[in-house]
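Look at the two complexes coming up: chain A is in both, with chain B in one and chain C in the other.
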Partner chain A sequence: MSSSRRKGGGIHAGERRFAFALTMPGLLVLFLTTTFPLLYLIWSSFQTINLAMPFLDGFAGVDNYVQMWGDARFWHAIRLTGIYTTTSVVLQVVIGLGLALLVMQIPAGQWVFRIVAILPIVLAPVVVGLFWRTVMLSPNFGLVDYLIQALGFEQVNWLGAPTPALISVIIIHTWQWTPFAFLVLLASLASLPVDVYEAARIDRANAFQRFWHITLPLLRPAIVIVVIIRSMIALSAFAAIFAATGGGPGTASEILNLYAFKTSFIELNFGYGSALAVSLLVITMVVSGVLFYLRTARHPGTKT
Partner chain B sequence: MSPKGRVSLRGIRKEFGRFVALDDIDLDIEPVEFFALLGPSGSGKTTTLRLVAGLDTPDEGTLTVDGVDVTFAPPGERDVAMVFQNYALYPHMTVRDNIAFPLKMAKAPASSIDELVREAAAKVRIDHLLHRRPGQLSGGQQQRCALARAIVRKPKLFLLDEPLSNLDAQLRLETRVELKKLQRNLNVTAIYVTHDQEEAMTLADRMAIFLEGTIKQIGTPAEVFDHPNCVEVAAFIGSPPMNIIPAALNGRTLTIEGHSVALHRDPGHPPGPVIVGIRPGSLRIDPEGIPTQLYLQENMGETWLLNLKLGEMIVKMRVAHSERSAEGETVPISFAPGAIHLFDAETGLRVQVN
Partner chain C sequence: MNVYRHARLLRTIVLMIVTGALLLVWVLPLIWAFVVSLKSEREVLAYPPSVVFEPTWSNYVDALFGSFSIVDSLLTSTIVATATTVLTIALAVPAAYAFARLRLPAKRPLGFYTLATQMVPPVGLVIPYFLILNRLSWLDTYHGMVIVYLTFSLPFAIWLMVSYMEDIPWEMEEAAFLDRASRLQTLWHIVIPQVRGGIAVTVIFVFLNAWNEFLFAVQLGGNTVRPVTVAMYNFVSVEQTLWAKLSAAALVAMLPVVIIGIAAQRQIVKGLTVGAVKGGARK
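Here is the complex of A and B:
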């Protein structure tokens, strides 16, 4: 394609057909692995597919969506998804930015922190969930409980009580993904112009004023990108929560993605599970669309 | 009230790792003086400016402003303003906010800020661009914005780090004139770093020549041009700089490449090797003179510059259009005995002749 553009589009029809034939296998694989499942998901959300009651299977129209509208568990899951995503993304950005600012003060050896920061990210989410469930948060034996009791506080059932369970899965997600925000913001900080800070020092801005009036506005594009990426991922978080609490106790940490999974693969109600998954897809697309709009809408006319 | 802004540097030394950026610098800058720090890159002139600004601190020595020791004072406490080479404007702020920033940081009353910003912007003629952002300005406009931000607070010291080097040639000449006018009107001490000797010569009341971390000469542009006090300064100042020719001295007789020239006065220097410095414009064609070969001639517009081969050396000579000749031809040259500069071959220091 790039070669045809270089020639200004003057490419023979035969060559174009040949180029198309060459890309076909790739496109086909792409279609089969991404587009087809998506279309199949949408199709099945309009069906009744229930392995427990196969005699009811058939076209359902919007029945699944109507059922969803009146489903308290669905709205509960939406609320949890909102809390989970907002809290963990805010924590990631705040903690990540704080760490990046600290590490920027270190004159040498920043690479050590970059490497250490990578580690949680490269761990499989299931490993992360199990690690927290056993080593960190398990009652009596867990490191967190040990510390809390050593400091003279009362024991907390981190994964077994409703509110602590939600807090725990937020902490786990934040722990795993703060390094991402940290790395992006650190790279962005390192690229900020030095002389602008020197100008600010000469203009008598103190450290806090330099942060508020210079650093934060200049980091804004990077922060927005981190928020967009992390929100999209947090909305569809699954493995770490599944491994740590399984959405429980009860439905205390059951965000929408888990609810959709459980409906499909535990209750074997694939039709309704698909409808839940489609609703999550729509929410994710709307949220990221709004965030992208906010990213470009403000500060019109700024270059770079 | 007597004008303020007297700067004194005493025994300043600054090292970056093993590199000695500044070695034992002594410098006095008088109030309301336009003082240029001139030197090639890496000579320590920008380091000196940064020490005065407070962006760096010296390893040794003291720095006083109006008698107050500010060697280790942070920049904000020094009442200085600086124009950076790349302007260092706040990219996310409008021109108005850029100029207002030092006022806001100094907690100036909000009512006066607008007035002061307008006044400063008008002085550098960018008052019609206040709503723009730096990214929407041309290089010259950005430069003016940086100037306005520097003058808006009416600082005691006005520091300029190669402020014209990023402008195109035409704009540089215009801005140079305006800069000088601006400094006179503001009645403020200005320290100006440049590697462009023409800028230093035209702008400065006095200047310091920096070479390899030391100051070689301090004086008015005329003093430095007419009486360079060492070979290094002689070889640096002038465009092109003066010809540096090794010679032998014996009493009043100077021997260059086997040709003897009588000086009009005995320099009182012991016999032996010396270095002769002579400006390209001080040479003249003389049938009786030292024969050289024309190697290359360059058209400089109003004059021609002849590159003459004298032994193994190239000597540059400025001539009128009518005096140029064909390359390869022999051009005999001489000079008025009073037009030369003599330097000791060993120390490089000036030997007084005239």
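Here is the complex of A and C:
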């Protein structure tokens, strides 16, 4: 096949032209709709663009980045982004895996779990955020607050106090997306080969050994994929936090995403907002690079 | 033997109770939202929250026909999501075919490029788009919104379709080729019918994502283009305490995606796992 792979002519030239014609519209649109705006974003991060003070607009060099380096609110946002992403992804995978292992063992009614699990996934994050902000977490009238008081615990001002607000947005995100991890891992568990377990049972491996030495390594590819997808989504999470706390109180739940948004659209400082967004872009690229490297890295005994 | 069987039965019962309790964590908020939507606003602010009350459908009537009608925004969401879906499929299916089945110059870098565009954080796009669409006077227009929505739907759709295209057997295409069918005929008559299921899954995902989108909609839309997600958010900002009406309106707004979700539950899970299962095998 590859012998005829010459530039220009050959019997495959027509195929290449056809393939090119099929991909070009999509890739051209992709370039115009994503790459061009991104270049524009990078350009504007080197500008002063302030819709409130347009007379100051002009080339700013690296001013925005210098400002960012000395901006405590920026470093605070980075820290929150890290906490928010790692905590929620770890919780999703651990709870999702635990649930999947439990549900695999129940003799009937797995479909109920599948149906229920699909619901949070298909809901709009902004609506989920609004639900939690009002009927779930409101002081006194919210269900969570009521249950906590009914059980005899102290009332918590979930969205109004700094640390509870951060915990709340992590809970909301985890509530909505754990079903994703659960469904993917449940499907992977169901497709695992049975004979390995038979062998293990004959070798008298106990439940924990079976989980640690067989299930976990076999699930590794699926877990890694879930971690990659969920990390990317968590890094750019916006709507649920925006709806539940707006990043507040103060900046208590203001992850980098919200800081860049507010700087641009509330303070109308688009130059600095662009620089913040570029920093998020760089962080996303680095994190995805690391995760993809971990995924392709060789691990003995996990060939699937 | 009897003891053994009893132990097994007990274990199963405990298991069912534990998993059932965990299930409540996800079911309870959804049921609660529905319960609240059937209350009067006065009932909502009763303390402790009431469980027994006279249910009323008036909030739903209000959400549809009353002063808080969301019918206009439902229509807007339908238009935007449908247009996005149609355009995305039209662009993604041919591209995915070329990626999956044909000799394409620079296939690897182009595939990587498509994958990379999927990872751009939306906030990095909403800022330049606001400036660009503002300059073009395309803010708060349908075409502006659909263009922006392509940024997240297109790369995802191409990759999802590639994984379905890779699954179809080669024989049919070869037979068609021997019959001197043109390449375009082969794609249209042979390939596309075989990936109808994959196209359906892609349609579902693109439509759901477009319907649920908020960040672009809230900043690049306006009075003309105001999808339901933005309408919900504005509602809470303006009417802080009308939770019963909010719950009713939100449940109506989410009804389409909930129906799609339940009806296509198996396909969605398959779509979610296509990456997980096949991801390891991708070059």
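Keep this in mind: the second predicted complex is superposed on the first by the 269 of 304 C-alpha atoms of A that agree within 3 Å, B and C clash if a C-alpha of one lies under 4 Å from a C-alpha of the other, contacts with A are read in each partner's own complex, and residues count from 1 in each chain.
Here, a contact is a pair of C-beta atoms (placed from the backbone, for glycine too) under 8 Å apart; a residue touches a chain by one contact, two chains touch by 3 or more.
Here the structure is a predicted model, which is why all the values come from computation and not from measurement.
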Fit-or-clash call for chain B and chain C when the two complexes are aligned on chain A: fit
Touching partner for A:P217 - first (chain B), second (chain C), both, neither: first
Touching partner for A:D203 - first (chain B), second (chain C), both, neither: first
Vertex chain A; arms to chain B and chain C (CA centroids, nearest 10 degrees): 80
Chain B versus chain C as contact partner of A:D195, first or second or both or neither: first
Per-residue touch tally on chain A - higher for chain B or for chain C: C
Chain B versus chain C as contact partner of A:A234, first or second or both or neither: neither
Chain B versus chain C as contact partner of A:A252, first or second or both or neither: neither
Which of chain B and chain C A:L281 touches, first, second, both or neither: second
Nearest Cα pair across chain B and chain C, whole Å: 6
Common interface residues of chain A - those touching chain B in one complex and chain C in the other: 304
Residues of chain C defined as touching chain A within the complex: 12, 15-16, 18-19, 22-23, 25-30, 32-33, 36, 44-45, 47-49, 91-92, 94-95, 97-99, 102-105, 110, 113-114, 117, 119-132, 147-148, 150-151, 154-155, 158, 183-184, 187, 208, 211-215, 219, 228-229, 232-233, 236, 243, 246-247, 250, 253-254, 257-258, 260-262, 265, 268-270, 272-273, 275-277, 279-280
Chain A residues touching chain B - in the complex, by the definition given at the top: 193, 195-196, 198-206, 209, 213-214, 217-218, 220, 299, 301-304
For the chain A and chain C complex, residues of the former touching the latter: 5, 12, 14-16, 18-20, 22-23, 25-27, 29-30, 33-35, 37-38, 40-41, 44, 49, 99, 102-103, 105-107, 109, 112-127, 130-136, 140-141, 143, 146, 150, 175, 179-180, 183-184, 187-188, 191, 221-222, 225-226, 229, 232, 235-236, 238-239, 242-243, 257, 260-261, 264-265, 270, 273-274, 277-278, 280-281, 284-285, 288, 295, 304
Residues of chain B that touch chain A when the two form their complex: 53-55, 74-76, 80-82, 84-86, 88-93, 101-102, 105-106, 133, 135-136, 149, 153
